[in-house]
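Scrolling down, you'll hit the structures one after another.
Next, two complexes with chain A in common: one pairs it with chain B, the other with chain C.
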Partner chain A sequence: MFATERPARWSVYALSLVVLAVVWQLAAIEAGTLLASFTETMARLAELVSSGELGSALWASGRIFLTGLALSIVLGLPLGLVFARFPLVTAAVETYVYALYAIPVITLVPFILAGLGFDFRAKVLVVVLSAIFPILISAMEGARSVPGRLLDVAHSYGSRERQLWADVVIPYTVPYAITGIKQGIAGALVGTIIAELFLNATGVGDLLIRASTNYDSAGALAVTLVISVIAVSLMGASGAVERRYARWREGLSG
Partner chain B sequence: MTRSPAGTGAVPTARPADPGPGGAGGPRVVVSRAGVRYGDLTVFDGIDLTIQDREIVSIVGPSGCGKTTLLRSIDGLTRLDSGSVSIDGTVVDGPTPGVSMVFQHFGLFPWKNVYNNVAYGLKLQKAPKERIAQVVPEYIDLVGLSGFEKAFPHQLSGGMQQRAGLARALAVEPQVLLMDEPFSAIDAQTREILQFELLRIWESRPIAMLFVTHSIEEAVLMGDRVVVLKGRPSHIHEVIDVGIPHPRTRDTLKSARFQDVTAHVWDLLMQDVIEAEREVG
Partner chain C sequence: MTKRTGTGTGTGTREPAAGRPVSVPAGSGSSATEAVPLPAEPSGTPQAVPPGPTRRERGKPPAWLLRTGTGLLLLALWEAAARLLGSEFVARPTAVAAAIPEVLVTETFWQDAWATVGAVVYGVLIGAVAGMVLGLAMGRIKVVRWFFTSYVSGLYTLPMVAVVPLMTIWLGYTSETRLVAVALSAFLPIVVTTADGSRAIPKEYLDVAHTFRARLHHIWFGIALRNAIPYLIAGMQLAIARALVTAVAVEFLAGVPGLGYSILQQTRSFQQNEAFVGVILLTLFVVGARALLTLARRRFLPWYGR
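For the complex of A and B:
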């Protein structure tokens, strides 16, 4: 990396934001009442913040998001490792795991509604179903791809199975798991919004629904903007963690 | 011999009443009627081989002759289909403490720095912390890696990675050192430097060493005896006493004896190639 690259990147980034705001503003003038302008949206955002509406909505949604994500990590990582360790278990469940991963969670919403109702637990389940599979599958792929020569080294030095997991398999899987968690965060965000829009409306989902039923284009855009900013920050943060842990992977090519 | 060894490093463990390299020490490794099959393919069969303490035995042979498999069965990584391997009189049934292997592709853990890679074997043995803290820097110094304790494998050249691999193998203070083509993935110049450094280290603390290589020159330079594997399934075709005293140096490469032995091993291995071509022609 050259030292000049970083400031240049940031200026381009800032410029792209300015361009977005200007284009948005001009498009809103053209579209009339259907699309709130950038300045109207910002004013509405300030209202939502000062009234405390946005804060309490974010808190309600955040609880669902964090609980679902935490459960996905706590369940997904060990399950992935177990699947990798016991090939017969993998043979039995792999197809269903990939099938559930491929199905849009929204198709499962009626069943969840029927089974669990529309309380906090049902919403968390939607988030878990949206987030757990990339985490589980990445951990499984990571633990499966531990190079034989590293296992040879561990065996040669007399490592027993449990130590081998602690010393070799789990450290080797860490970068894979972090990549999976990064994808899981994106999934959990989508899951949270789906849960709040399609089960009973709460939190940010409730704000969105109310804004659109009231033809409050500025409010809907303000909330969407906030969600986008949160998503981008979370992705950025987990991307940074991912890069930090992926550094040693370079050594595997040699 | 006045040539002073390159690099730094004191000898970590002084052996009392050391008779010096090449001195008789009794059998360490006994391979008896050993055979390995992969399905219908018999890789090698009827291998009898004894490695004495303080002796280096080189194994050469064409690729696919099972050199590495033989080494792995001595390390307890590959199970024999017939015969047995004993270390100090105990039949090998899985990895044995006191036997260390240095791997062709180094086998360093990429997420551990040099220090923690070298400490790996000691930590597995649950060695006391004070002992690890004392021994690990000594071996890092012995292989010339002082100052690189905190470096990660991907930051090091192949030669330096194998130095770390050697330090890891030596840090558990083995009685038997198994070298699986340790320098074959390293460029020619570095390879030569490492060959002489390994000889220097071995001469300072001679143990039983088995050195697998596909380089005839390397086999003769390193070995007190050279075992030539040949045929399908392969067997021991000939064992050659190299008869060149330690310490061995770059001058060894120019000696008449080295040239003779190298030429002899070369002839043994090339016979096959020539015969095979005659059959085709």
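For the complex of A and C:
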């Protein structure tokens, strides 16, 4: 059944792309300068690439993204584990973790701008605030859902707390952590764009704002398209890793 | 079916139930709805074992005391840090508390709040209706699913904030731009979850429906749509948070009047404490709206678990 479906599916995929290109082109003719056509957008993209503007913008924003994400992982995972493993700590902090997670980070941006300015550190802070909570919460959920059975066995064999962590809690949490990191990547992407647009505009934010104020729809479309491709590849890659480890999780829970 | 439950409530260790079609989500792995755990399915699968060792029960202070203590400690730390940094530039708890009553009686605060919250509510409703239609079609008709998959998952993954500059080019610096942007960012998660929900129908239901020669509309609206409702609710919970971010982003970028814009203005004129009241209100709105949806699900669809 699947073997016969595949060609049909791929031809529909191809058709959908062709339809997009045609509709886009026709709409662009209709809309005039407001909407650049597909070909104009690609030409502008090539221009941005060859002038090096896009490359340096991506590098500037990428640094913020990676630093923020790395910090979120390094801080979020251990904190989540610690929060979850000690019931007293869990009871004390859980409410606040969820409460802080609920704050829309974008509304904090003006405060960060006023209090810390708009340098690299302030931008990384925005990314960390957007990315750390899903990571921390997933690690917490993971460490908390370690089956009592596994802990009992480890205790029966005389595991110390350290061994318990190394052999049971941390391995059990890995699939959860991966899910959290995937969501953290999504959060960090949003955080990076927010930081680059609303603390002073640099990197891709600068490209987008300049395109927007100059009514350069080809430029805005090209940059948005590039961001979209990056986002889809990042999420695709982390989704693949996640599925690999999800299988591991199912094996463990059996 | 390995439906990941995000930061779920310990339902992460479910096994695929026998007889249920294993489905790859429409949005190529984008079904892990970020913050919103999808509801547990109405099956008898056991929940995760309660956590932690039980040997430390004795002499434990009550949870509420710990919670209150931590809260006070956090506020004290914030207050101290704010005083240290220079209180003009940083909001601090005592001053925010003092500002709450005076902000709440100003008329502009409520006008701004309604502008933003109203846009989010309308946008999510528009997105929910449109998203349900496309999601249902994508879940039930293969060709439609194949046709829209790349667009939906591409746009779903793209941070909507990045589209805001484009939208200001097309629609100008108006509150309509905000509504359109909000509706679009609400639409996408709802399409993804509704498509998942109307696709992941237990096979037995369809078998029974076929046996009784159910018409297509019975399957669509009687089975698929009903099966999709808890997914729709999860999608809406996700949509509310995303929509609010987009609404505030449009206000920042386009200067559209609303609570986001007034927060920006106030922080620029050293009214950090007054501005923070806006943050609190928007946070409460998101939390409240999500809780309301969860409550509605528990009330009207109690068989979908907590």
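The rule is short, and it goes like this: the second predicted complex is superposed on the first by the 232 of 254 C-alpha atoms of A that agree within 3 Å, B and C clash if a C-alpha of one lies under 4 Å from a C-alpha of the other, contacts with A are read in each partner's own complex, and residues count from 1 in each chain.
The criterion applied here is as follows: contacts are C-beta pairs under 8 Å (C-beta built on N, C-alpha and C of every residue); 3 or more make two chains touch, one makes a residue touch a chain.
Remember, it's a predicted structure, so these values are computed and weren't measured experimentally.
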Fit-or-clash call for chain B and chain C when the two complexes are aligned on chain A: fit
Winner by number of chain A residues touched, once chain B and chain C are compared: C
Which holds for A:G158: it touches chain B only (first), chain C only (second), both, or neither? first
So, does A:V168 touch the first partner chain B, the second partner chain C, both, or neither? first
Please indicate which partner A:R149 is in contact with in the superposed arrangement: first for chain B, second for chain C, both, or neither. both
Quick check on the superposed pair: does A:A231 touch chain B, chain C, both, or neither? Answer first, second, both or neither. second
Is A:Y101 touching anything from chain B or chain C once the two structures are fitted on A? First, second, both or neither. second
How far apart, in whole Å, are the nearest Cα atoms of chain B and chain C in the superposition? 10
Based on the A-chain superposition described above, do chain B and chain C contact any of the same residues on chain A, and if so which? 149, 249-250, 252, 254
Please name which positions on chain C make contact with chain A in the complex. 2, 4, 6-8, 10, 12-13, 15, 28-30, 32, 34-35, 48-53, 56, 60-61, 63, 66-67, 69-71, 74, 85, 89-91, 142-143, 146-151, 153-155, 157-159, 161-166, 168-170, 241, 244-245, 248-249, 252-253, 260, 263-264, 266-268, 270, 272, 275-276, 278-279, 282-283, 286-287
Residue numbers on chain B that touch chain A, as the complex places them: 75-77, 95, 97, 100-101, 103, 105, 107-111, 120-121, 124-125, 152-154, 158, 161, 172
Quick check on the complex: what are the chain A residues that touch chain C? 5, 8-9, 12-13, 15-17, 19-20, 34-35, 84-85, 87-88, 90-93, 95-96, 99, 101-111, 113-115, 134, 137-138, 141-149, 151, 175-176, 179-180, 182-183, 186-187, 189-190, 193-194, 197-198, 204, 208-209, 211-212, 215, 217, 220-221, 223-224, 227-228, 231-232, 235-236, 239-240, 242-243, 246, 249-250, 252-254
Using the touch rule from the top, collect the residues of chain A that touch chain B in their complex. 149-150, 152-153, 155-159, 163, 167-168, 171-172, 174, 247-252, 254
